[in-house]
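The first chain written gets the first letter, and so on, giving A, B, C, D, E and F; residue counts start at 1 in each chain.
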Amino acid sequence: MIHITRRETFNAAHRLFKPEWDDQKNLEVFGKCSNPRWHGHNYVLYVTIKGEVDPATGFLVNLKDLSRIINEFVIEKLDHKNINVEVDFMVGKIASTENLAIGIWEQLEKPVKVLGAELHCVRVDETEKNSVQFYGKNNLKN
Amino acid sequence: MIHITRRETFNAAHRLFKPEWDDQKNLEVFGKCSNPRWHGHNYVLYVTIKGEVDPATGFLVNLKDLSRIINEFVIEKLDHKNINVEVDFMVGKIASTENLAIGIWEQLEKPVKVLGAELHCVRVDETEKNSVQFYGKNNLKN
Amino acid sequence: MIHITRRETFNAAHRLFKPEWDDQKNLEVFGKCSNPRWHGHNYVLYVTIKGEVDPATGFLVNLKDLSRIINEFVIEKLDHKNINVEVDFMVGKIASTENLAIGIWEQLEKPVKVLGAELHCVRVDETEKNSVQFYGKNNLKN
Amino acid sequence: MIHITRRETFNAAHRLFKPEWDDQKNLEVFGKCSNPRWHGHNYVLYVTIKGEVDPATGFLVNLKDLSRIINEFVIEKLDHKNINVEVDFMVGKIASTENLAIGIWEQLEKPVKVLGAELHCVRVDETEKNSVQFYGKNNLKN
Amino acid sequence: MIHITRRETFNAAHRLFKPEWDDQKNLEVFGKCSNPRWHGHNYVLYVTIKGEVDPATGFLVNLKDLSRIINEFVIEKLDHKNINVEVDFMVGKIASTENLAIGIWEQLEKPVKVLGAELHCVRVDETEKNSVQFYGKNNLKN
Amino acid sequence: MIHITRRETFNAAHRLFKPEWDDQKNLEVFGKCSNPRWHGHNYVLYVTIKGEVDPATGFLVNLKDLSRIINEFVIEKLDHKNINVEVDFMVGKIASTENLAIGIWEQLEKPVKVLGAELHCVRVDETEKNSVQFYGKNNLKN
């Protein structure tokens, strides 16, 4: 078994807030990340998949195919968008990096299987200092 | 004469658009950067100043002072903000990286002089691929 | 379960040596890292914690809290210090990156629990080429 | 148990192709990576080993020894070489990053054991966007 | 006047040699870079242009246009190619980073003018340690 | 004329202080950088030289020669050393990054001339946030 990691980037706006709280309460919990007029990030996404090397090609999967599904199911939905308002798989959720990583996992799990591999890790870097890694729903239950 | 460069970062939302144009026209000129619901970036700022080394300290200026004025005049105004709506020195301008670099220069030119040095360059990286450098108003006239 | 990684930095002096050996023996074993007049590094620290996402906030823990305990229990003790002489949890140990990573783990294990999460990995980069990862004392016994 | 990672680099030429296919078929499967006149990369190699810290030195292994065997068994064979034609452990294989990571593992597994540690992971970055991680033959069978 | 820098990458094979010298002489002068079976690099290209900001757009030039001409006149010719054999503007020259930077300048000088800006600097990083900057032919004569 | 930049690194200890001041006064001026027990950094050095390309080789200078003189005149003197105590060209000076860059310039100016090029810039990064650039003594007088 081998692991492959593909790096992609997207730029998006978001804010951290709960709609049932007022601005003051959101500010107390989420700090400046709750700014009602939004802020944004250059997110960096690392998608790691795993599986067997195909002896015919020397590939786990063709990286063009991996890049294509990441772009179709994740980047096109997030890049230059407002995560809270415009991203179908994030609407109604708090736009934390944790929820974003879980949401991206849910987008990619099946398409990666169709490629003949298994999704291993979704890592999302929000800033140079903060990063989230999600290893899948089964781990959530353990 | 010696040059010193200080690196700082800020995360902000913006969009590129002209209010006198409709969304369609803005989309044609500015592409996905014109998204009316905003997007955002992890901006990286490099401020370069120049001057003589003070023999008493071995410093051009004390970097704590340089960091303090960059934070007071630039970062606090931009970090976790909406550049188009909330940043006093950008309101009414197109929120391009070019205008942002020029605006940051105007914020820092005098405070750097008060420190006893001269502002040499303001560099703003919007993404890993795009960067603007501004060397001051006198150069604009040349 | 989700993982979060926080990156922090500190600058410190150290040397590698055993006090019971003379300088010549220390030089043979530890090379130039044994220089009795010290050298130093810009250390980069990555602290990874794990646990469940709190549905009320979308957070594993508030990153401000994580940053606060890393600064209180680790960075303030190490930054701009001499590791061999001034750092309480390193005195009497060889100041190797291995021992440093284990020492930082011991500093952080309980405070991370108080935050409601579990310490997963302490990674310390001494240079661009050398890095140590420690996954905890239980692994030491296995 | 502790993990140590050493980073090394090498520059090499390669192409992706199967000798039993003609250029057109190779182009369909491998794209521009099949260019018969070669292309190349600045490969980045991360070798992670694991084991117990030696209380006498504070080291898992002396990093000079680790660096020495990586250079002797891997870098000298690959650096400024043509992977398809000149690298003994890659001749007859497709020069994919997957096969390269597996080949490097096979080169290093025994020498790392001689040092008194265990090889944990070979990571090879072909570009800024593409990376392969190999955790060993036992994992291949699982 | 403002400066804008665009970063692009390409992967290519090359060797350093003079055809009128034999392999031994080439090895003496160019070292392992003269390997007759080629090696390669992940080149990083930084193109800096300068000019006035257009008040109608806040842009020096539209970065999509700048990226387009860099790709058309440089990247498509170099990426996944053999610099010595396949790149029209390098054939017959020694494939040094110096000559590559000058060659890229000659490719871009006119197209940048058509965009309404002036080419200021072509920087080519061959490895993490080696970089060339070329500021134009007029400087060559000074 | 073309410019070439070589990147090298060194790890060293230092402190900022004036021997004629007591610890309290040094603390007021230099902050935690004045710690009498030292601290240290992974310094990054960028040496830029300029001159004409030699048509016989395509080189400004052979980079092996440039690397050799940087190592002989700078790195061997600084790496794994205490800058205040052990580095001949820094003893008696305040060990600021400004003075370090000027001192390195003085070490390299003549050897670069012997290679047939001219020293253009010495850049020293002390941390990820702080960098000094020195363009030579003539500029100091202007």
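Keep this in mind: contacts are C-beta pairs under 8 Å (C-beta built on N, C-alpha and C of every residue); 3 or more make two chains touch, one makes a residue touch a chain.
No experiment lies behind these values; they were computed from the predicted model shown.
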item: Chains contacting each of chain A and chain E, listed by label; value: B, D
item: Distance in touch steps, counted as few as possible, from chain C out to chain F; value: 1
item: Chain whose Cα centroid lies at the greatest distance from that of chain C; value: E
item: Approximate Å spacing (C-alpha centroids) for the pair chain A, chain B; value: 29
item: Separation of chain C from chain E, taking each centre as the mean of its C-alpha atoms, in whole Å; value: 42
item: Shared interface positions of chain E, touching two or more other chains; value: 128
item: Interchain pairs in contact, sorted by label; value: A-B, A-C, A-D, B-E, B-F, C-D, C-F, D-E, E-F
item: Touching residues (chain side chain A, partner chain B) in the complex; value: 9, 11-14, 32-33, 35, 37-42, 79-82, 85-86, 127-128
item: Of chain D, residues touching chain A in the complex; value: 16, 18, 29-31, 93-99, 101-102, 128-135, 139-140, 142
item: Contacting residues of chain D [partner chain C, same complex]; value: 1-8, 48, 52-53, 56-60, 62-64, 67
